[in-house]
Amino acid sequence: MANAEAMRSHSELRECIDHCMACHRVCMETLADCVKQGGRHAEPKLLRMLMDCADICETSARFMMRGSDLHSRTCFACAEVCAACAEVCEQLGDEGMMKACAEMCRRCEESCRRMSGGVMPQPLNPEAAQRAADLPA
Amino acid sequence: MANAEAMRSHSELRECIDHCMACHRVCMETLADCVKQGGRHAEPKLLRMLMDCADICETSARFMMRGSDLHSRTCFACAEVCAACAEVCEQLGDEGMMKACAEMCRRCEESCRRMSGGVMPQPLNPEAAQRAADLPA
Amino acid sequence: MANAEAMRSHSELRECIDHCMACHRVCMETLADCVKQGGRHAEPKLLRMLMDCADICETSARFMMRGSDLHSRTCFACAEVCAACAEVCEQLGDEGMMKACAEMCRRCEESCRRMSGGVMPQPLNPEAAQRAADLPA
Amino acid sequence: MANAEAMRSHSELRECIDHCMACHRVCMETLADCVKQGGRHAEPKLLRMLMDCADICETSARFMMRGSDLHSRTCFACAEVCAACAEVCEQLGDEGMMKACAEMCRRCEESCRRMSGGVMPQPLNPEAAQRAADLPA
C-alpha cells in the first residue's frame, strides 16, 4: 500500500476513534438527562437505544485502539446502532440536547460506515426484531 | 407469533446470553494466563484477539439482556470475532486451557450466529485488514 | 502462605467473580424491566443505581479474572455500590424481581467486602454527594 | 451551596471525566503498542496494569457522566490504579509512549483523588496482594 494511502487510512482510523468516544459520551450524558426528565424522554425504546449506542461505541473504539483486524465487524454494528439511535432522538423533535445527540450519532455512523468495509448492511431481520419484542416484561 | 415459538426464542436468547458471558470469562482468564506464560502464548495477534472476544461478548450479552431490537448486529459481530478467536487458539495446538477457550468460542459463535438473523457474513474486507496491519507500531 | 490458605483464598476469589457476574446480569435485566414498567420503577435514582451496579460489578470481575494486585480497590467500590443498590431496590417493597435483585446485590456485597481487605469504608463525603445533586438537569 | 461553588464543582467534574477518558485511551493504545513490541514491554505486571487502568477509567467516567452519588467510590479506585500504573510505566525508563502514558495517569490520578472525597487511601492489604500472587498460573 502506498504510504500516502496508509497515512490517509491512519488518520481516518483516528477520526473514527474520536467520533466513537465522543458519541459514547454524548449518549451517556443524554441518557442521564432523559432519566432525570422522565415522561416521553424516558420511553423504554429511547433509553435502551442510548445504552446500546454508548456500549457499542465504546467497544468499537476499543477494537480500533488495539488495531484489531476485525474492527470492520464492530464498526458495522456501531454504524447500524448509531443510525437507529439518531432516528429515535430525532423523532422527539427537540432542539438542544436530543438534537446534539442525534447529530453526533450521525457523524459517528458515517465514520463507522467507512471503516466497516466488507460488511453488507441488511434490512433488520423481522424475526430477530419480533424475538426482542416478545420478551416477557 | 405462536406462544410455543416465542418460548423457544426466549430460551435461545437466554442460552445465547449464557454463552456470551461464559465466553467473556474464559477469554479474560485465558488472556491472564497467556500474559503470565509469555513466549508464543503472548503473540500480539492472540492477545488482541482474546481482548476483542471478551469485549464483544460482553457488549453482545448486554444488548440481549436489555432486549434490544438491534441485538442481531452485535450478535453478528460477536459470532465473527468468536470464530476468529477459536481459530487463533486452535493454532497453538495446546491441550488444556487454549483448547477449552477455543471450544467455548465455538459454542458462543454458534449461538450468536443463530441470533444474528438478517446480517450477512462477508469475507473480511482486505482493505480493512490492511489498514490495521499498516498502523505504526 | 500455607497451601490450604491459598486454596481457600483461590476459591473465595472464584466465588467473588461468580457473584460479580451474576449481580451484573441481574442488575442489567432488572434495569431493562424497570425501564419497561415505568412509573416508580423508572425513578432516576433507581435506574442510575442499577447501571452503576452493573458497570462496577463487571469491572470488579475483570480485575479478579486478571489476578490484579489492585482488585481490593475495585472490590471495595463494588461492595459500596452493591450495598446502596440493594437498599434502593428494597425500598420499592416489591416481591419478585426487585427483591431478587436486592438479594443478589447483598451476596455480591458480602463477597466483595471480604476481598476489599485494606480499604476502609467511610461515610460518603457530603460534599461529593452534594456535587452530584447540584448538576444541572 | 453557593452558586459559584456549584459551578466550580461542575467544571471539576467535567475535567475529571475528560481525564478519565483520555487516560482510558492512552492506556488502551499503550497496551496495543506494548503487546506489539514484546520483551520487557510485555511484562505481565505492565500489561495487566494497563488493562486495569483502562477499565477503571472507563467505569469511573461512566459514574460521573451519570451524575451518580457514588462516583467518589469509583474515583477513589481509579486514583489508586492510575498511581500504580504511572509507577509501572515510569519504571521502564522510556521516553516517548511510556512517559506520555505515565504523565496522563498522574493527571487522571490527581483529578480522581479530588473527586474521591470521603474515601481514605489505605496501604494495600498485604493479604489481598498475596492472594493475587498465589493464583495458579
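When the chains are written out, they are named A, B, C and D in that same order, and each has its own residue count from 1.
The criterion applied here is as follows: contacts are C-beta pairs under 8 Å (C-beta built on N, C-alpha and C of every residue); 3 or more make two chains touch, one makes a residue touch a chain.
It should be emphasised that the depicted structure is a prediction, and the values quoted were computed from it without experimental measurement.
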| item | value |
| --- | --- |
| Each chain counted as touching chain B and chain C at once | A, D |
| Pair joined by the larger number of C-beta contacts - A-B, A-D | A-B |
| Centroid distance [mean C-alpha coordinates] between chain C and chain A, Å | 27 |
| Whole-Å gap between the CA centroids of chain A and chain B | 20 |
| Interchain centroid distance [CA atoms averaged], chain A/chain D, Å | 26 |
| Junction residues of chain A, two or more chains touched | 32, 48, 51, 58, 62, 66-67 |
| Arrangement of touching chains [line / ring / star / complete / other] | complete |
| Footprint of chain B on chain C - complex, ascending | 17, 21, 25, 28-29, 31-32, 58, 61-62, 65-67 |
| Of all residues in chain A, those that touch chain B in their complex | 1, 6, 9-10, 13, 48-49, 51-52, 55-56, 58-59, 62-63, 66-74, 76-77, 80-81, 84, 115-120, 122-136 |
| Contact set on chain C toward chain A in their complex | 32-33, 35-38, 42, 44, 47-48, 51, 137 |
